[in-house]
Amino acid sequence: MVGGGIGGNIGAVHRIAARLDGRWVLVAGAFSSRDDVAHASAARLNVAPERSYADFREMAKDEAARPDGIDAVSIVTPNHMHAPVATAFLEAGIPVICDKPLTAQLDEAEALAEVVRRTGTPFVLTHNYTGYPLIREARQMVARGELGAIRVVQAEYAQDWLAKPIEQEGQKQAAWRTDPARSGAGGAIGDIGTHAFNLLSFVTGLRTEALSAQLTSFVPGRRLDDDAQMMLRFEGGARGMLWASQVAPGNENGLALRIYGEKAALEWRQEDPNRLRFSRLGEAPQWLTRAGHGTSAGGTRVPSGHPEGYLEAFATLYTEAAELIGGGDANLLPGIEDGLDGMRFIAACVASSQDNGAWTAL
Amino acid sequence: MVGGGIGGNIGAVHRIAARLDGRWVLVAGAFSSRDDVAHASAARLNVAPERSYADFREMAKDEAARPDGIDAVSIVTPNHMHAPVATAFLEAGIPVICDKPLTAQLDEAEALAEVVRRTGTPFVLTHNYTGYPLIREARQMVARGELGAIRVVQAEYAQDWLAKPIEQEGQKQAAWRTDPARSGAGGAIGDIGTHAFNLLSFVTGLRTEALSAQLTSFVPGRRLDDDAQMMLRFEGGARGMLWASQVAPGNENGLALRIYGEKAALEWRQEDPNRLRFSRLGEAPQWLTRAGHGTSAGGTRVPSGHPEGYLEAFATLYTEAAELIGGGDANLLPGIEDGLDGMRFIAACVASSQDNGAWTAL
Amino acid sequence: MVGGGIGGNIGAVHRIAARLDGRWVLVAGAFSSRDDVAHASAARLNVAPERSYADFREMAKDEAARPDGIDAVSIVTPNHMHAPVATAFLEAGIPVICDKPLTAQLDEAEALAEVVRRTGTPFVLTHNYTGYPLIREARQMVARGELGAIRVVQAEYAQDWLAKPIEQEGQKQAAWRTDPARSGAGGAIGDIGTHAFNLLSFVTGLRTEALSAQLTSFVPGRRLDDDAQMMLRFEGGARGMLWASQVAPGNENGLALRIYGEKAALEWRQEDPNRLRFSRLGEAPQWLTRAGHGTSAGGTRVPSGHPEGYLEAFATLYTEAAELIGGGDANLLPGIEDGLDGMRFIAACVASSQDNGAWTAL
Amino acid sequence: MVGGGIGGNIGAVHRIAARLDGRWVLVAGAFSSRDDVAHASAARLNVAPERSYADFREMAKDEAARPDGIDAVSIVTPNHMHAPVATAFLEAGIPVICDKPLTAQLDEAEALAEVVRRTGTPFVLTHNYTGYPLIREARQMVARGELGAIRVVQAEYAQDWLAKPIEQEGQKQAAWRTDPARSGAGGAIGDIGTHAFNLLSFVTGLRTEALSAQLTSFVPGRRLDDDAQMMLRFEGGARGMLWASQVAPGNENGLALRIYGEKAALEWRQEDPNRLRFSRLGEAPQWLTRAGHGTSAGGTRVPSGHPEGYLEAFATLYTEAAELIGGGDANLLPGIEDGLDGMRFIAACVASSQDNGAWTAL
């Protein structure tokens, strides 16, 4: 693991997700760019001192050289470090499991994609919401044609934790996310908008042709958008709307997806992930439940009615990454192309918004 | 009443609404442009034959001349007849209660507004959703500053009854709503989008400066939009999104409004109108109920926990119209200006959509 | 109308319900046992002075004698007055529409039932919740065998307005409901438990053979039960539970019914009356909506998705009472036998509770 | 681990729960009473062949003798094996983590409790629902007096998977649960009723003095109850109802708890475990969320709005068991006394039901 030292947040999530199905053991790490934090974190995480690195390049080199070197590296740093870290490990032949968005800048992303293609080393991007069983069910239902041709897509991801300028009061998570140097050109749009965009693409299979966006920084002094609104045009004529906000009181992680086809519709909410509303035109709506009657996608660990959540969905990606790296098939895993799509999405949002909402191709 | 004969829909709703609080009695009508239907309807509605008119102009003239003439006329025709009918009664000095949208065309609307101003005769537009008690509660809460400055508004009105080309199979309600000659330039945007727009304006008090819209006719052969998506810019910097659709399976009358301010947020859904979600930033969300703890707006007829619905909200407008016409104060009633705003909204949506989503002032 | 003067509560509800469908006009009343209140109420309700009575017996006699006398009387007094008032009007040949429970005491109820049988005059008991369209839908579904043989019934009616001893502070509604002389032997069990019992009987069609109850007065000084819990045994072997409480914080009018059969189940909540959960064994649950796809019971006034509520359900009883009194068929209307069943239910609850929960036949 | 071999169900849950927080590693097991299944299971679970046992007594003896012997054993067999297995390990000085209910028979339970007391070896009973963060929040709120004196408790656990006689068709999970020899005297009441009872006891802290129960076997040929209904009397005068059913269509794992006090109420549902409804008398209800505003109980792994579920709650017990066995404090962990209470509860239910619902002391 690179990043994820003491005081971090997402690193702990990745560690639980990796461990949950028993497919991964944490044995090495460069947990911080600060020596002392790195080694203290390693000690706390039961990583042997000789495999606690202060420098990620050293880690890549040494681990690649060890007979018992790591099978993959998990990258959980702020966005601007994704590209250099991933490149170092890929070049060393070590598979990469990388947090999203892919990078801070689009050109870095394209360069990184080139490295992935050249080295042929597995690369997984943890768009974790794609691991929810009912999201996969939804994807299958769309693919089987149960909705007919899709007409309208409504996606949103609303939070409220940045409704005040907490980055100016030293909140670490807020500080890097609102800093263009570490986060890139997108604020809310990069942090959570990409999740909504990835999710709608994953479920519908639709390619987004163009978008018209207005990004706003509502909080005084904030340097990146904290609210992003847009209209979307998909291949084949479907239309959609996407809203990402970090200033919407009463929302914790309000990621929601609604898909309306000619024949039926689906609705799903991340905060209530064990239910999927399925409405056939002309029939009473049904609520499908994870592993319940009428579902088939699998990927669940406990019987229906016993809720699974965020960590289980995340764990599914780690387990499938183990399959992939072990040579197996894992065709639902997000990879480098999904990461590139996300970066192009951010870039198009920013460009459209700066051009007064002009329709901008992805 | 003009319109509302046998086979109609909204006429019966207006009649119940008028009757519910005991303030109105139906005594005269031109219920149809077809003589036989008009008189058969009158008979069924217990209207005396001598006050059943085949021609609305005759009705206006005769009723104005009777000592026991009507106190007001209720207009429930298709949109294109609103302007001529309303004009006839206003010129005869008879107050008008008119279904929305105001007219089929913006220029008609402006001419009608001129008649209202010149004659000084009361004019009420039945934007009925403004009659819901919790919508009025929400308006008061915004006005009192409980939300702080508003940042984001999300409004939508989704239905599914036009997901197939039923207007081509003789469905009467669908036929006139999808016919530009009778409905005007807007399809879904005129029929239900104006409700969503009126509602957000009523509750927030914000003036909409400009919008960027994409209107779509998804159903083959349909001549007006059946799906409308847009971004909004409000005075003072707030931003919003509005979606109106009649092709969204699983939606009956999914009118919903969400308002996010600096300090708090409100969420309301028409299909569950006795609850209002209120989220103060940094506190657990509360569910306010109609007439329940913490509410003050009044306008309810039964204790909390006994649901009121659509007809009660509609009735409130009729009761307030009686107050207004009787010389009382009824400052929450939608009137001619709201109708003009709605027509400008439709025109701006159509213009923006035809201009590839260009931001268009209202 | 007898009762329902200024300061009352349920009288206004009955008046709106009667008016809503245009089948009834209020023309006479004995609105209070106090002369001044009676006449002031009549004036406010636009009842002619000569038909405002201070004495209900006089009203029965005089109205029966008038050529334009009332078609029916609506009784909305406290419980202990139901029997004498109803008897007076029935003996005068005037049909009765009476609020529930039937009477205060079981012996009065039996005597009243005898009067109904002897006079053959129509008698309607306003168990208003049976007027909800989805309750009727549920009844039809059970009758059609869609649930198979019923195994378990769960009924409850929870409120919180009597959680404090407000009857000791002069709250009029609380005062008579907690007074054995005016309410009868049952407190919560009579006021709201009978509604739950009537509703489960109406929908399931099951006869209750016996019950085991514990009634409690939680509020110090209260003379009647404010919480009632029981188990039920139905003919044919079904089992059930019923809870009625007026001391359950967070509940306004939480009437709910759940029915589990061999093949399917139904769930309905009065506070959300436009939805009915229908679960076929082995299939994903469906949400039926009033007038929506898959429903057939009718009895609705506005399209699906536009909520109807308490007043509409109440109005349905009044409209059907007009049918019945006009000689029509109205076989869903609650009548004298339902009232007797309710009184026997109260008596059995009280007896069982006093006998330490012994199973007591109805 | 004892039990939990291939084809089992709950064993996999225990293994994930143990692993989730990284505090336990599976190193030994007697996974089945059948040799071949035991060793095949061990191989699949990466347990070394020399630590795969066919006999649990041998495992207890050998592991106790190894310098690297197990720190604890997890028992996931059918109920009738809990007592002999637990006894063997306790006598060998090995801490026990045991699935519920404690045993099949009350006398076994009492004997086992004696062993626990005598040996002083840690014993944890996995009443897993007590691990949900909002259940612990609820317990704290009650203990802090936020509800005032408790008046009414409503608990239920409804499922539908046994609505048909699937035990007669070879369904393994159904077969042992409906077999008195392996399950004990209680069917639904033992399998899930004990969970509801444990949960209400855990949250309210109330001791149950007596109960009046009716147990029913609705499915023809079933030998144990599949539906259990009862009324409860608590110390101090509170009253309650409990329903456990495995024949209620539309229910997966519908465990729900509602607690009504003098000042406030709480409602929680296992299928939606990240929300807790909190209603102060006279105020609008609030929805508390796991780790959200206004909560304090801790014990969560991801931010609010990212759902945690069944496995996380289960894992909390395993992590606390590690604390306990390591000498730490873990005073929320269910132990032998909770197990005894559950067995006494089952026995009282059966006795009361056999005695026509007579009130029976626990």
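Note that the chains are named A, B, C and D in the order they appear, and that numbering of residues resets to 1 at the start of each chain.
The rule is simple: a contact is a pair of C-beta atoms (placed from the backbone, for glycine too) under 8 Å apart; a residue touches a chain by one contact, two chains touch by 3 or more.
Predicted model, so just to flag it, every value in this text is computed and none were measured.
*Asks:* Would you mind checking which chain's C-alpha centre is most distant from the centre of chain C?
*Replies:* Max centre-to-centre separation from chain C belongs to A.
*Asks:* Please tell me whether B-D or C-D has the greater number of C-beta pairs in contact.
*Replies:* Comparing B-D with C-D, the pair joined by more C-beta contacts is C-D.
*Asks:* Nearest whole angstrom, what separates the Cα centre of chain B from the Cα centre of chain C?
*Replies:* 35
*Asks:* What is the distance, in whole Å, between the centres of chain B and chain D, each centre taken as the mean of its C-alpha atoms?
*Replies:* Going by mean C-alpha positions, chain B sits 55 Å from chain D.
*Asks:* As a quick test, compute the distance in whole Å between the mean CA positions of chain C and chain D.
*Replies:* Spacing between the chain centres: roughly 42 Å.
*Asks:* When you check chain C against every other chain, which residues touch at least two of them?
*Replies:* 251, 285, 289, 292
*Asks:* Classify the inter-chain contact topology: is it line, ring, star, complete, or other?
*Replies:* complete
*Asks:* Of all residues in chain C, which touch chain B in the complex?
*Replies:* 9, 12-13, 15-16, 19-22, 46, 159, 251-254, 270-274, 289, 292, 301-312
*Asks:* In the complex of these two chains, what residues of chain C are touching chain A?
*Replies:* Its residues touching chain A are 278, 282-289, 292-294.
*Asks:* Per the contact definition, I'd like the list of chain A residues that touch chain B in the complex.
*Replies:* 151-152, 154, 160, 163-164, 212, 214, 216, 218, 227, 229-231, 233, 237, 239-241, 243, 245, 247-251, 260-265, 267, 277, 279-281, 285, 356-357, 359
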